[in-house]
Every structure is written in C-alpha cells, then in structure tokens.
Amino acid sequence: MFALVQNGGGVLAQTPNEGTNFLHELLLWLPLPEWIPGWALVLGAVGAGVGILVGLVSFIALWSVWMERKVSGHMQCRNGPMYAGGWHGWAQTIADGIKLFQKEDMIPIGADRVLFVLSPAIVLASIFGALAALPLSYDWYFARMDLGIFTILAIGSTTTIGVIMAGWASNSKWSLYGAMREAAQVVAYEIPLGIALMVPLITLGTFSLLDASALQSGFFGMGWAIFQNPLCLPAFIIFWIAALAETKRAPFDLPEAESELVAGFLTEFSGIRWSFFFMEEYAAMFLMSVVGAVFFFGGFESPATYALRMAGMEGTIVFSLVCFGTLVLKAFTGVFLMMWLRWTLPRVRIDQVMTMGYKYLTPLALICVLGAAIWEAVLHIVLN
Amino acid sequence: MTSPTEAEHKPSIRPADESRTLPSGEREFFMDVATSDLEVNMGPQHPATHGVMRVLLRTDGELVTGAQPHLGYLHRCAEKIGENVEWLQYLPYTDRYDYLSAMNNNLSYSLAVEALMPELEIPRRGTMIRMICAEMNRIASHLVAFGTYGLDIGAFTPFFYAFREREWIQALFEKICGARLTYSYIRIGGVFNDTPPGWLQEVADFCDVFEEKWQEYYDLLIENHIFVQRTANVGVISEEMAYDFGLTGPMLRGSGVDFDLRRDMPYLEYGQAYDAGAFRVPIGTGEKGTVGDCWDRTQVRMVEMKECLGLVRWCLEQIEPGPVIGDVPKVIKVPPGEAYVGIENPRGELGHYMHSDGGKIATRCRVRAPSFVNLAVLEDLMPGTLLADSVAIIGSTDIVIGETDR
Amino acid sequence: MDFQAIADHLSVAKVPGLLSVELPRSPDKKIKDKGRSGLPYVCLDPSCIVEFLMFCRDDEALGFEVLVDLTASDPSSDDENLWILVQLLSVRHRHRLGIKCILPKSALSMPSSTKVYRAAQWHERECMEMYGVTFEDHPDPRNMLLPDDWVGYPMRKDYVFPKEYHGISCE
C-alpha cells in the first residue's frame, strides 16, 4: 500500500510533531510575560480551541440553514430567502437566530424538567466532542489522535441519548413515537456505518484522519481511497445511506417526520432549545460529510495541494488554507447531496428502514469488507 | 372500539411458590406486568388529517389497533341554511362544502334545482362552459390530492410543482368569474357570464403545457420506488367492501370497479363526449401491489387528470357562440317536487336532494357528500397497520373536511 | 331498467312492505328527458326496510349494491310525519331507486339498515342526532357531527335555537 502510493509518484505528506497543537504553539510563540505558568498556556489553548469549535459549529449551522433554504427553494421552483441582508437573503439565518433567541422559553406541564433542559445540551455536547477530533488542516488540529475516526463515531453516537431523552421528557405521546423511532433507527444503522467504514480503513491502514488524508496524496493529489480499492465505491454508498439514517435526514427523517408526528421528538421544544437541535443536525451532516470526504475522497488532498507541495510550500499558512478549503469544499458537496436527497425522496416507513438496515445493508457491508481484504491481500502478493 | 379508559395495572410478583429454580441455581420469578395500548389523538390539528378532523387512535407501539374518527369540527349547518335562504342565495354555500372543487358543487346543486324546473332550457354554450369549468376544477382538485399526498408520504417537492399548475387554473378561473377558490359561477340555468376574450385560447394552451408536466409528475412521485413501497398493498379495499361502504369515485374505481357517473349515468353532454372518444375511465388494476390499495387510488386520480384534458379539448372544439344562461327570473320560484341528482365530483358522487313546495325557499336541501361516506372506511382499514400507513390511508381517501361536516 | 320497470319488478316479486309507487309530483307531464325528471320513489312500510333492502341488494335483476344516501326530511312543522329517504344505486345495471318511509313524529323508530349496507351506519347516526329518529339495533348510536351534550334536534322545522351553549351566547 505504501509502495503503491510511492510508486504513484506522490511525495508522502509530512505530518506535524506530537504533543502540541497549533494553538498551543501559537501561544508559546507570542511574547508573553515570564510569570505566566505553562498550564495557563495550555488552558488558554484549550479555551481558544473551544472558541474556534463553537464558532465553527455556529458558522456551519448558519451557512447550512441558508444553503438548505436556497437549495430547497430552487428545487421547488421558488426563490428562497431574498431580502434579509440584501443579496439573496444571506443574513436570513442571523435574523432567525435573533428571533429564536428572544422567544419565550416554554417547558410543558408535566415534562421532566431536568431531562428537558439537559437533552439539547447532551445532543450539542456530543457533536462538539466529535468535531473536536476533526483536523482542519495538516497543521491545524485540536489534538493529534491515532484513533480519530473511532473517537468521532463513539462520541457522535451519544446524540441518540439526547434525542430519546428529549422525546421522553416532553410528556407528549407524539414525541415519544419520534424518540422510539430514533432509537430503533440509529441502533440499526450504526452497524453498517461502522462496517462500511472498515473498507477504507483496510485500504488505507490507519484510524487517524491526518494519516488517512496523507496516504491519499498520490497520483497528482487524486490517489483517493475510492480509486485505490474497487470495493470502496459500494462501501461509500452503504456508508452514505447509513450516514443519512444516523443524521435523521430524509429519506430517513422519521423521528421528526413532519407530516405524521407534527415534529416528532422536537414538538415541545421552541426557541433556543429547538435551535440547538438544529445546530446539532447540521453539524452532524457536516461531520458525516467530512468523514466521508477524508476516508473516501482524499480529505485534504487535491491537485491544488499537489501543486503547492511540488512548489515546496508545505508547512506554510497558504498550504494549510488550501487544505482547509479543499476539505470544506468536499464536505459541503456532501451536505448539498444530503439536502438534494431530502427534497427529492419520500420518507421510508420504519419497518422498511429496519429491514433495509439489518437485512440488506449489514450483509452487503460485510461482503464489502471481505472483498476489500481479499483485494488488498492479492495486491500485496502480486506486487511483492 | 369500546370506551377508552382501562384500569391501571401495577406490576406485581406472584407468590414464591410460583417461581422456579433454574439449573444454574437462580430463582426465576414471574412478573405480572400489564402493558396497555397507547391512546393518541390524531387531530383536530394535525398536518396529515387534511382539515380539522380528530381520529382517536389506539396503538400498540407503532401498530394501530383501533381507529375512531370524530367529526363535526367544521359543521356549519349547510343543510339547515338551505331551508332558510332563497334558491339562488344558497349557491355560495355550495361552494364551501368541498372547497377544492367548487365548480362541481355548484353544478350538482344547479342540476338538482333544474331537475325540478323542466321548462327551463339550458343553452348549449352554457353547458359547454360548465363542462370545461368542471373538468378544470377536477384537475385542480386532483393536483391538490397529488401534492398533499406527496407531503404526507414525505416528498416535499411535488407539492410545489402541483400548486404551480394549480395557480394557472386559479388565474383562469379568476379571469372568468372573479374568484380563485369559491366561484358561485355555475348557476341555475347556465353560467353567470360569458368567457372573456382569449380565455378559451388560454385554456387550450394550459392543456398543452400540462400534458408534458403530467408525465414529469407521474415519474417523479407515482413511479418513485419509495412511494410505491409506502402505498402498495396498504389500505386494500376490496370490491365488496367498496360496495358495502357506499364508496364512489376514485375510491371505487381504485378497487377495480368500472363505474363513472359521467359515462354511465351521463349528465350535461358527457355521454356524447365519451361516445366521441374524448375520455376514458381509468380503473385500478393492482399493478404495483393489490387491487384497491392506496397506490391504485392515487394512480386513478393521476390518470383521471390526464383524461380531463381530452374532455376539455373536446368541449373547446364543440363550443359555439350563443347565450350562456337560460331564461331565469331574478327571484327563482321552483315548482313543487322532489329531485335527487348525483354527479361525479373529484371525490365521488356528490348528490343534492331538493324538495320544493313551490316557494322561494327550499323545504329540504340534503347534500350527499362523498367525503363523508368515504371516511367511514377508516374504522375498518386502519387497525392492523402501522402509524405511517394510517397517514397514507387517510391521504389516499382524499377527503375534504368541509364536505365531511358540511 | 327505468323506474317503471323496477317498480313492476318489485310488485311482481311481492316484496313485503311495499306501499305505493310515486311518480314525480311535477306539474309538467311533458317530461321526455329522463335525466331532468323529478324523483320517482317507492313508498315503504318502515318496519320492513331491512328485508326490502336485502331484496334490492341480492336480487339479480335489481342488483343495488350501493347505498348512496339515507336521510330524513321534515316537510313542515304542521305535518305530523317525518320522511326517511333512501337512495340506492346499481353499478352493474346503472339505475337508481328512491325509497321513502313515512314515520309519525310520535313514534319515530325503525330498524337499522346497517346489517344490509355498512354505509348506512354513519348516515343513520346523522339522522338520529339531527331529527331524533331512533334506529333500533344500531351498533354505534353516538352523535356524528354535533357535540355529545347537544340538546334538541336541529333539523326539525320546529327547532328553537338555544340561547347559549356552555356559557357562550348563541345570539
């Protein structure tokens, strides 16, 4: 595998040092007074990281909501937001955010107050945790994790707990339906999600997102995993379907099925609490798209990064920016694809969802893993 | 379904002598835990009930075990009003039962009153315009059925496309009578006024454009695999069940019965139109599942839309200049008698039973509303299906609560 | 079959309860167009309605599979009778039949047709709440459109509107 990458003509990308991240290094580089202890700098780095993460999630939500409204509008032969802020309503989400912020905070009578207040927090916290494991570029990461994808999947699945809590705590039967559907659906699709992700793991050989991206830098920046192993394509399709189910996007949006359950588990949440759930939804969409981009479609790699690397600009800010831009572009293409599917396809019924998850996707994913492993073994034998 | 309340069970453990010891040495106790079915109210405000209707559902998880529709939220005493206002004054009330197909309601009422006035001559141009308006209204009504059914199933986009075409039809109706939804245009004796210049040409243009769009909508939603999976083999109504429940219209035709009032008991000039080959009557064939499932009914409505275009084109060829309304006095006094006339509404047979004692006001004005009758099948269809299916079933009956409650 | 043929078939078959055959009471006798005529109907003894409807449904020549409408009518407040009107439709033979039963207001009770046609169930519920007719052996005699605690029979000609309902003024 490594031989393949080297033979492809690409230079293996350099990965940064262990132990620190760019924020800490930035703080160390600043001319700060002597009496500030080391741990304060670490805390400062952590605080700055949290700030960047919050900003990132907010920006993702802002951009995604606007994009969703424009995309859905144009697919439905109408305009979408046009007025707020002037050009195509770019400030619409900001206006909506202000509106939601100043709404009355209603908790239904008989609702479990503790769980009701806690559920949006849990949901958002788990997404923050998952996003913290995401590197923004080769040099810009919050923590260098060898088990990056494992962390992301593990922390990301705790959103389900928050959703079920939300459904239960609302003291409404319709919300309970949404919560039960969510529980069944997410548990069913975690399996094919994980198994389908094993195919690029076998192809690339690493759990870390930085290394995975680096290993796809051959072939002038187009040596993506999906071209390295023929079974990566069916694995990607299975991964994508499972990702749609995990993020509760149509055609699997049963937990919040608008036309059946009013708003499913979200019915009783209004104002800022509702916006937390939606920030989580868009952040989860972004997360799944990024995971798909990194493990199947090259992550930071593209012909642009190859060119910059050839020009010797590795390690510079421009290079990092280009890597970041490439990743964001790929991720938002994935988000656009998810939105496209939402506005095209009808909803699948819960028993059909479960059937598809357990009876079709899981065996297919297992077959893909088997095939990918055989392919790698054969290739190893042939090349050596 | 019997009364909703059930006794609460507290979990209790049976006495020790009803436990047993397993080979591993553990004791196994039996718990008497009763689980009761969940009783949920679907409505009166609910996105899927097509109006203000309450369906009391009893569910065991996702499985519906009982359904009981409760009506009356939109009851506006139309029949009592009919006994208190003059014949022509009642016409706007007829618009408002099935507000999606107001032209057909006006038509049914006018035909029933004209049946009591045999010397009244309806001019041919009036008849032709009546037919054009009724068929255009059928297309508009079926577009709503198609769009909102997609919405119920979860496909958000076809709704907008359907309403784009519907906007055109409503603009056409606005040109001819000034109103977009409740027209009061088809009156006793003919229609209210003649078509404005260029209207007939615009109707012809609409037919051409709509024919292409129809194929798109058919492929987009009706042939979509997920839609088929959601609606095929769901809510199957057999022929006997359809007869027993008194179903008419697409509900009956979806179950494979070849019956359409326009062709088989013709009114206006539908008989001549059928003989000239202007339209055919689609029936459900169980193509994607069973005969009489939700998909069949939806498909019947879709194909009916296309057949309406043929009818409209035939009328456009046949229409000639002339008066549009017969010799009707300002205050109509209908000779004594009783009449029942049923016509083919987009939802089924809309019948008016009128009883006149010779005066200015009717003695009895009974409205046989198709949605009222079609709704009764819910009590028998919904138990045994999943919650998502019950939404699909309600959508496929294509009810309008204005008509159900009058 | 046209109405005359149906009526003859019914009298020949000696269906119980058949009282008379009424042609439309329109003064103009020169009616040629059948679609524009008034309503002809058969007049029936209310207690025999179930057997009559069963005969109409099961007979080959008549073949009335569909109950289209079942309603009541109060001709006037002076009249001491109430009319029950039934409309039947035959899909395979393409003909209709109108049935009228006359019930005295003092004894407003007749058997329920639910056993013959399931469609009658909801129509009868509406008659029960609007006119006060009692249909014996009706499986579900709740109010249909009116609230459960409504007083009076609104569709009768002598109905007086209530002044208020649960504290809400009805003026």
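Letters A, B and C name the chains as they come in the text, with residue numbers starting at 1 for each one.
Note that contacts are C-beta pairs under 8 Å (C-beta built on N, C-alpha and C of every residue); 3 or more make two chains touch, one makes a residue touch a chain.
Being a predicted model, the structure only gives us computed values, none of them experimental.
**Q** With centres defined from CA atoms, tell me which chain sits nearest the overall protein centre.
**A** Minimum centroid-to-centroid distance belongs to B.
**Q** Taking each chain's centre as the mean of its CA atoms, which one is most distant from subunit C?
**A** So the chain farthest away from subunit C turns out to be A.
**Q** Express in whole angstrom the distance between the two chain centres, defined as the mean CA positions of subunit A and subunit B.
**A** Taking the average C-alpha coordinate of subunit A and of subunit B, the gap between them is 45 Å.
**Q** Could you please state the distance in Å, as a whole number, between where the Cα atoms of subunit A are centred and where those of subunit C are centred?
**A** Each chain reduced to its C-alpha mean, subunit A and subunit C end up 66 Å apart.
**Q** Would you kindly tell me how far, in whole Å, the mean C-alpha position of subunit C lies from that of subunit B?
**A** Here the centre of subunit C sits 24 Å away from the centre of subunit B.
**Q** Going by the contact rule already set, what residues in subunit B reach two or more other chains?
**A** none
**Q** By residue number and range, which residues of subunit A touch two or more other chains?
**A** There are none in subunit A.
**Q** Can you tell me which positions in subunit C touch subunit B when the two form their complex?
**A** Result: residues 24-28, 30-31, 33, 35-39, 41, 65-69, 71, 73-76, 85, 87, 89, 91, 94, 96, 98, 117-119, 121-123, 143-147, 154-155, 157 of subunit C touch subunit B.
**Q** Going by the contact rule set out above, which residues of subunit B touch subunit A in the complex?
**A** 38, 40, 46-48, 61-62, 150-157, 159-161, 164, 221, 224, 226-227, 229-230, 386-389, 391
**Q** Which bits of subunit A are touching subunit B when the two form their complex?
**A** 72, 75-78, 173-174, 176-177, 180-181, 250-251, 253-254, 257-260, 262, 342-352
**Q** Spell out the part of subunit B that touches subunit C in their complex, as residue ranges.
**A** For subunit B paired with subunit C, touching residues are 71-72, 75, 77, 79-80, 83, 114-116, 118-119, 243-248, 252, 257, 259, 264-267, 335-340, 342, 349, 351, 353, 355, 357, 363-364, 366, 368, 372-373, 375-376, 405-406.
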